[in-house]
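These notes concern the structure reproduced below.
The first chain written gets the first letter, and so on, giving A, B, C, D, E and F; residue counts start at 1 in each chain.
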Amino acid sequence: MGVKKTDIVLLDENGIRCDGRKINEPRRIMIKAGVLKNANGSAYIEFGENKILAGVFGPRDVHPKHLANTDRGILRCRYHMQPFSVGERKNPAPSRREIEISKVIKEALEPALMLENFPRTVVDVFIEILQADGGSRCAALDAAAVALADAGIPMRDMVSACAAGKVADTIVLDINNEEDQEGQADMPVAYMPNLGKVTLIQLDGVLTPQEYEKCVNTALEGCKLVYEVQKKALQEKFFGDDAK
Amino acid sequence: MTSSTIIDDLKKKKILALLKEGQRIDGRALDEPRQLTIDTGVIPKAEGSARVRLGDTEVVCGVKVQPDKPFPDLGDRGIFICTAEILPLADPSAEPGPPGEEVIELARVVDRGIRESGMVDLKQLVLEKDKSVVGIFIDNSVTDYDGNLFDACSYASVASVLSCKLPKFKYDSSNGSVSKVEGEFSAPPITTIPVSVTMGKIGDTIIVDPNADEWSCMDGRITITTNAAGNICAVQKGGHDGFTPEQLVQCSKISIATGAKIRDILKQAGGS
Amino acid sequence: MGVKKTDIVLLDENGIRCDGRKINEPRRIMIKAGVLKNANGSAYIEFGENKILAGVFGPRDVHPKHLANTDRGILRCRYHMQPFSVGERKNPAPSRREIEISKVIKEALEPALMLENFPRTVVDVFIEILQADGGSRCAALDAAAVALADAGIPMRDMVSACAAGKVADTIVLDINNEEDQEGQADMPVAYMPNLGKVTLIQLDGVLTPQEYEKCVNTALEGCKLVYEVQKKALQEKFFGDDAK
Amino acid sequence: MTSSTIIDDLKKKKILALLKEGQRIDGRALDEPRQLTIDTGVIPKAEGSARVRLGDTEVVCGVKVQPDKPFPDLGDRGIFICTAEILPLADPSAEPGPPGEEVIELARVVDRGIRESGMVDLKQLVLEKDKSVVGIFIDNSVTDYDGNLFDACSYASVASVLSCKLPKFKYDSSNGSVSKVEGEFSAPPITTIPVSVTMGKIGDTIIVDPNADEWSCMDGRITITTNAAGNICAVQKGGHDGFTPEQLVQCSKISIATGAKIRDILKQAGGS
Amino acid sequence: MGVKKTDIVLLDENGIRCDGRKINEPRRIMIKAGVLKNANGSAYIEFGENKILAGVFGPRDVHPKHLANTDRGILRCRYHMQPFSVGERKNPAPSRREIEISKVIKEALEPALMLENFPRTVVDVFIEILQADGGSRCAALDAAAVALADAGIPMRDMVSACAAGKVADTIVLDINNEEDQEGQADMPVAYMPNLGKVTLIQLDGVLTPQEYEKCVNTALEGCKLVYEVQKKALQEKFFGDDAK
Amino acid sequence: MTSSTIIDDLKKKKILALLKEGQRIDGRALDEPRQLTIDTGVIPKAEGSARVRLGDTEVVCGVKVQPDKPFPDLGDRGIFICTAEILPLADPSAEPGPPGEEVIELARVVDRGIRESGMVDLKQLVLEKDKSVVGIFIDNSVTDYDGNLFDACSYASVASVLSCKLPKFKYDSSNGSVSKVEGEFSAPPITTIPVSVTMGKIGDTIIVDPNADEWSCMDGRITITTNAAGNICAVQKGGHDGFTPEQLVQCSKISIATGAKIRDILKQAGGS
């Protein structure tokens, strides 16, 4: 009541963020694998207020055929927001933003997939944002990677994603919506935790070279936390509650 | 594709053989819909929402409520638009892209069933006559396909609207702007609960709520929506075969009887 | 002249409707077969104020080929309104309404056609609404069925369409534009008169179960009247004025 | 397709052989257009309309008159837009969908011929300068194809406009709204009657109003529009071959002579 | 300052036009051949304030293949305006005007090309209007014809284009932007100078039969002047500065 | 296509072999960008413009400045939109038509690099808060392709903006109209000069400004934009392979060092 957006205290004197988290604390993450009946693999993630569904089909025949690659399978990826996923109703046609995110997600997943085993085929990853919050591309990637594993696509490594950013002159883990709007920088990162490679990195906002390095490392710590949640989701799917 | 076609053929023969004995492939009675599960409020950022499972068909539906300009010549009522989309993860044969005629029909039939029932009293959604009204936008996204999207999307839409919290808007006549009154909500002006019941015709047998296997081998299709008073408020026939006039009457009776049972489930889910 | 739309008396004390018709009386119907030179079959209909042209091509090769069906011919149908056919100029791009009507018309014609005789081919039905009035989809169907017969496509039966509806709490035949706007229900019906099957039925508006049954039967009576006009049109085309 | 190609080839040879002797395949003189039949008022709900048959080419044209916002920088004149579409029932090779370059050229040439003649005095269509003007929208739909759509659509457009009843609109400067004055109509402000004459070039022979057979084998094409004063107000050359400067002058003379005859038919049809 | 457009004197008492030119004087024309590295042939033209780039690819395989012609090569042409080429930013999607101009330019170039030598192939001409002035379609054609020659496509003749028009009741050569806006007629013409054939002619505006004939002849004189500049550009490209 | 594939293969092997010895196919050092040539003012009718050659990659960029409505919720700042298009004459594989994902990414990365740097102070582009602002529209057209369009388009955009003359606009609050004040111009409100530096990763070697041959065989890609203070203001990774955390730091250092040199060239070209 009467509180304007810009009056939000992003970080208080005790190092507590606007949603009560500490600097290095991610939001609540819940992943469930194998949630769809038709898809070859699927996963549902809740990451903060993000609610995202990922489904995988393939390896399967490519249509139209001229898109097929004789050397290796191809990966296609669609990141798509539901009309009701954001504050103002979104037009369901894919925006330029969604097309770009689809591309960077595809390139973040590709290094982990052994597509050379499946020439002339395609693996399709469909990501549907049911409810969007800050960091939706990282959460989408996390769900997509679990869905690929659930589909039994051979993978070199998991792909785990988490953002870091700069808020009130401080590097913090896992930017939420308010921090994204009012903060100083947002850096989504995807990581193959065993191969040690960053497969997605973007940055919007200004960082000194020192802050940049710290931000990368903070995000990587987040990716490792996500990785544990992803593994747990797959264990629960394949080995049931015993795995807990 | 060959092996899958053979299986499809065998399945179709099985379905037809069973129907001759009055039985269905999943053991249901001819006029028995599948289990219906409804969760509302699944998308907290939307003003209303529901996840509906009808057998293995699953739909997520969200409602957005926004001030809008009224349609020309309809300045005395709010806007009510219902859409439907089959997400590509719902079905291996679904493709991203603009909707085909199947999906356009789906969306229009779901929309019309609810609209023609007068479920929401649109005259109560006017902020300023001819200038500004409340718009209710209901988007259905099919996440898993197992036949009969008409009823699944209709139930998801109705449950979402029933669970909807309508924000309060204020129209400022000095400059024509509309603002939301923070923290004030009301229930939407509901007058009735419409229920869509879709029946398939295989040979001359009428079955309620066909699943995907039945859907793929049925000859005709009819969706009949009834309101709480047991009256018929929308009909849509589809498919490549016709119905006899007697079958049309038979279907209307089934839709009233089945509709009454499903209306109870919708009421409960919507909390009313 | 100061008379507002809503002041229209849809049905007066003598059972006369706003355009002077009785309850069971259809509007004027005129059909002419074989009106186009290029189409394989064609028909022009005037049904009340509706003015509609239908043209048929086929059976012919399918392009693109992958749409062809090896078991039977396919039927394609386009219902399209001219920009000048309605009060306010209509955008010529097909609306969602036109796409839906195209589909239900296709499904209403399909049961009457012996497409199993023409595997791998397509029959195209193009319907152009030159001037629209209430009941345009029924009138369109009536013209399309005559055009198909004119094209020599083997048919099991004619398809005859007419709407009924509810106006001033009364079931009436063949709803016109004003009755559609101001009335209580509109039920377009298509019927194969010899096979006794309803191939299209839609309903907008509320009917009791008794009214529903009466409305279906009223529409069927209309379909039978239309059937006579369709037959006459084909006789005049193929046997000339002697047939009158 | 082979047999039809052989027939096309034979027909083309026949056309060429006849032209060498100064004869055409349908018996017309080289500078003789086909029979032109015009019915106006065929679409009573449109403000103006016409059905035109030019030989076996048939076009239905309707005019809608609506208040509109003027184009920026053109606030002192009404809007005049002429379109053309080849309906898919007009021709086995026509396809539904967005217009190709052929149809776009057709529409633009028809529009330009009439616009550049100044046929309608657009300055008399202003309701309120820079704010509100009358728009005249002329839509041509080709219903049967037998070549030379340029002239058929042009004649249909001109006849529709001549037969048009212009509703009276009233601009309310207090709120910028426009209303129609029921029952009051006037004739559109006509200044001249433009006539389009299309000529084909086959080898070095110029023929007027080519039919479909001639159209498919001609090398070049030119459309010249003249006004009532016998002046030239629009030209469009098409086709894969050129014209000599002498042929261009020859064509302009043909267009003036033929145009005068057709103008009489248009006048009669338009009732003026 | 305070001078309105309509106050422009298009032709003064000494026969001098608004940009200082005489009645039969073209604007400055500069053509450079071979300006692009990737295109098989290219040219850049400055014609008055027009700045236009043309690039040619081919003869090359046609995609999709069903567009190929077994008798002769096909020619495709795209005339396209940059968003920044005109006063108000232009939407980059091709307008109907651009599509029509593409077609008339294609038909103006086609008679000069020996496409019968290259069955089943396509020659693509891409024209980009970097800055637009009056007469851009003629300037575009002039550049495209040089680019085709630069690409080594066998040609029967050059194609040279120039407009004439009517301004202040006088036939003048090479209409500029102001003359196009405020003048009485604009007639773009393309000409094969050795074969003596006009391959493009359009006219907007009213001319008496006498003026029409004079306008054609005036435009042809302009085409011949352009032809000299085109030849020079090709000589400079292929024989270097010695050719000057 | 076979022979060209063989040549491509040989070229790729050559590139890899040279890189093992720390050499590049065109003789450059690993961290050496190609020659950068900038001409500004090449499109006099645009408010700003530049032609940029980076090696054999060429881009023409034009800036249009127009009054516009602000985005909702962003009523206190002007509009700044940067686009990019690969013209079909730039590359035999480019096709006319709507942009693919490659070009959409290109445009968004170029736009974001400049926007996030805060190069133009958008708050100084407001004519009337929430009602009317100045829009700066920067369109890049690639006319010749030789790899690394990210940097070429970014430099062209920056140079065009630096060379831009901002017309003066006047907002009339009585009727909400905006007019241009003829003959009055100012420099745009520049706060910093951002420089994009794109690096390719081939095997484990990082190279600056890959040319087309290198671009087609690189495994990963990263574009880092730095501002005049030597801080990092935008990053975008692409390609089918990942980077180690150490490589990410290495790349940031290269981008700061290389960016400083290129900033001098941009300053000179922009006349500031």
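Quick notes on this one:
Criterion: a contact is a pair of C-beta atoms (placed from the backbone, for glycine too) under 8 Å apart; a residue touches a chain by one contact, two chains touch by 3 or more.
Fair warning: this is a prediction, and the values are worked out from it, not measured in the lab.
The chains touching chain D as well as chain F are E.
With chains reduced to the mean position of their C-alpha atoms, the one farthest from chain F is C. The chain with its C-alpha centre at the largest distance from the centre of chain A is D.
Chain centres here are Cα means. That of chain A falls 32 Å from that of chain B. The centroid of the Cα atoms in chain C and the matching centroid in chain E are 52 Å apart.
Look at where the CA atoms of chain C average out and do the same for chain F: the two points lie 58 Å apart.
Contacts between chains close into a ring here, every chain touching precisely two others.
Order of chains round the ring, from chain C towards chain D, by the touch criterion defined above: C, D, E, F, A, B.
By the touch criterion stated above, chain E contacts chain D in their complex at residues 96-97, 99-100, 102-104, 107, 110-111, 187, 192, 195-209, 212-213, 216-217, 220.
By the touch rule above, chain A contacts chain B in their complex via residues 1, 36-39, 42, 49, 51, 53-55, 57, 60, 78, 80, 82-89, 92, 94, 124, 126, 128, 130-132.
Those residues of chain B lying in contact with chain A across their complex are 42-46, 49, 56, 58, 60-64, 66, 83, 85, 87-92, 96, 137, 139, 141, 143-146, 182-183. Residue ranges on chain F touching chain A, taken from their complex, read 101-102, 104-105, 107-108, 112, 116-118, 222, 227, 230-245, 248-249, 252-253, 256.
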